[in-house]
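Next up, some structures in structure tokens.
Each of the next two complexes has chain A plus one more chain, namely chain B in the first and chain C in the second.
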Partner chain A sequence: MFVLVVGGGKVGYYLAKELIDSGHECVLMEKDRARADTIRDEIGSVVIAQDGCEGKYLREAGANRADIVAAVTGDDEDNLVICQMSKHHFDVPRTIARVNNPKNERLFRHLGVDEIISPTRMILGSIEQDIPVHELLHLAALGEGELEIIEAHLQPGSPAIGRVATDLRVPSGCSLFGVIRNGAPTPLRSDTILAEGDKVIAIGRPDCEVELRQQLIGEQQDQ
Partner chain B sequence: MADSSAPQFRRAVVALSGGRTDRPIVALAAEVAKLSHAELVGVHVVEIDWTLPLDADVAGRSEDAQRVLDIAEATAEASRYRLETVLLQARDVGAAIVDEASERSADMIICGLPFRRRFGGDFAIGGTVPYILKNAPCAVWVVREAMPKEQA
Partner chain C sequence: MKAVIVGCGRVGAGLADALDRAGWQVLIIDRATAAFDRLPSTFGGTALRGDGTDEDVLRRAGAEGADLFLALTEGDNRNIMAAQLGIEALGAARTVAKINDPVRAEAYALLGIATLCRTNLMEREVLSFLGQAPGERPGIFLPANGHTHPLGAGETSATEG
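Moving on, here comes the complex of A and B:
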């Protein structure tokens, strides 16, 4: 498989190195010549010291025959341009973009980037899972990001405690489908009464989050 | 009897660029090789850009590449010495020369360096020779052609 990596920072460097070690054909584009020279010394003659945002250099790098283009620069705008050119000018079957600002995720998806990787979102998710806050946790994004799996930890003061799950006014576009009680997952039934300490698992659109929070968590207490 | 002051080698890779330095370095290599009956391998590398897969049939179809090898063989014959020729295609000429030298356990790489100026200014050494000098595991001879008289 031929992978074109654009961006020679830490992510791009290690990505290219791993791909080469795995036996894939890989070329790395880095516009900073000094940085490109350093990487070339490390991993060999697979580095092109040019700006991957320019079509002619993408062509020189072999975008016309790339199976995957991974845009992993530290600049979201650059990554978007690289993926769009790869997709629309060079018919690259799969584009992957690093998205630094989570607010840009939806835009990237909307503009046709096949896969987005958000280190910020990943770290944020990890932090949320480790901190016992009265917040909803985002466990995963589904499909193109239009749905997400959410966990709500019912703490004292939650309006959902003592109520039958089916009586909750769950917003449309959202569904509760399970509860983790004492570490054991169980499906939500019509007679399931929610209790303190329960972790309710929901799936829904991101815009349902505010109403879901009011139903399961109550008003935000930390602010 | 061999001249003990001459640097000797058992097997040398002669880097053939297809330029005007090929004839003099092949002739020089042949004269030195005679002293120790060393093996000479002339290597010409066709660089394949990234728009093509590395195994694209380029070098084999190139008449220019074949001509480079023919000229080198003829030059060696004129010196009454045998030169084995190899045609390679690679992403980078310097890396291919070094790899070939390593694979053949060559103890010498001989390459020519034309005298060129970058935009008429500083001497331009290019990228291949510095790469070979930096990465070759064996000894390297670089034969730079003379500076043109008007620039000397």
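Moving on, here comes the complex of A and C:
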């Protein structure tokens, strides 16, 4: 597998290092010459001290035969351009972009970037999981970002407690598909009665959230 | 007619003033307040400090549905991203991005953005000043296929939902 990594910050450096260690072919592009020299001392001559946003240098780096281009610079706009140039000019089958502003995920996906990694979103998700709030938690986005997996933690006062899960009026465009009870996942059956402490897992469109919240969390969430 | 201009450099400020005087409703955005010193005191449009590549900032500023969206910052890639936000998320009717790298300017015209390449424009001006033929490379690249779904990426528009 030939992977072209663009951006020689911490992420790009360790990514290239790991790829090479695991036997993949890898080229790293870093436009800052001094930084590129430093990395070259560490991982060898696979470093190219050029700007990966420029078509000319992408070609020199072998973008036209890359299996994957990973754009991991610190600037979202640069990562977008790297992926678009790779995809549309060099027919790279798979492009991966790092985004800082989680709001950009949607745009990038729409513009054809194959995979978008948002460290901000990941850390945010991890923090949300640690805080015992009455909020719904967003576990993951699916497809083009049109669906999300949501977890609702049933707290005292939830209108869903004591009710049969399949009787809940879930909004259309949304589906409940399991309960985590005492740490164990169980499917929702027609005889599943929801209890305090249950974590209900749902898949739905983001616009279903308000109604889903009313059904599963109740009105107490306005703090 | 409504114009959104991202980047209040000399070109951005000059066009903001010209469009304002021609009766357009002009919104100009720049990351630095000091940039707005380039606008004349008579400027009647809106000048807003913010990141023109941030969809939230653009929406809050009321940048949706512009007749004209100009991305004129000093960064090629910022202009590319702002212009694509203008087209895909904000529904701009016409969009122009300043891209000084001729390769990228041509590449993005093929992907559906009108691009303005200062490098080529100046080259042509200098050559014509010297009485020579201006060469093949145009200063403005017009999009190959209009502005609808320029990249053919998704079936749904980013303006939905």
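Just so it is clear, the second predicted complex is superposed on the first by the 216 of 223 C-alpha atoms of A that agree within 3 Å, B and C clash if a C-alpha of one lies under 4 Å from a C-alpha of the other, contacts with A are read in each partner's own complex, and residues count from 1 in each chain.
Here is the rule we use: a residue touches a chain if its C-beta (ideal position, glycine included) is under 8 Å from a C-beta of that chain, and two chains touch if they have at least 3 such contacts.
In this text, all values refer to a predicted model and were calculated from it rather than measured experimentally.
By the touch criterion defined above, A:Glu30 reaches neither chain B nor chain C. In the overlay built on the shared chain, the residue A:Gly62 is in contact with chain B alone; chain C does not reach it. Of the two partner chains, neither chain B nor chain C is touched by A:Asp198.
By the touch criterion defined above, A:Glu148 lies against neither chain B nor chain C after alignment on the C-alpha atoms of chain A. Once the two structures are overlaid, the count of chain A residues touched is higher for C than for its counterpart among chain B and chain C.
In the superposed pair of complexes, A:Gln84 makes contact with chain C only, with no contact to chain B.
With both structures placed on the common chain, the touch criterion links A:Ile48 to chain B but leaves chain C unconnected. Legend: residue contacts after superposition of the two complexes on their common chain; A:Gly112 is shown touching chain C, with no touch to chain B.
In the superposition on the C-alpha atoms of chain A, no part of chain A is touched by chain B in one complex and by chain C in the other. Across the complex, chain C is touched by residues 53-56, 75-78, 80-81, 84-85, 88-89, 101, 103-104, 106-107, 109-112, 144, 146, 205-207 of chain A. If you check the complex, the residues on chain A that touch chain B are 2, 25, 27, 44-46, 48, 59-62, 64-65.
Touching chain A in their complex are the following residues of chain C: 53-56, 75-78, 80-81, 84-85, 88-89, 101, 103-104, 107, 110-111, 151-154, 156-158, 161. The part of chain B that touches chain A in the complex is made up of residues 49-54, 91-92, 94-95.
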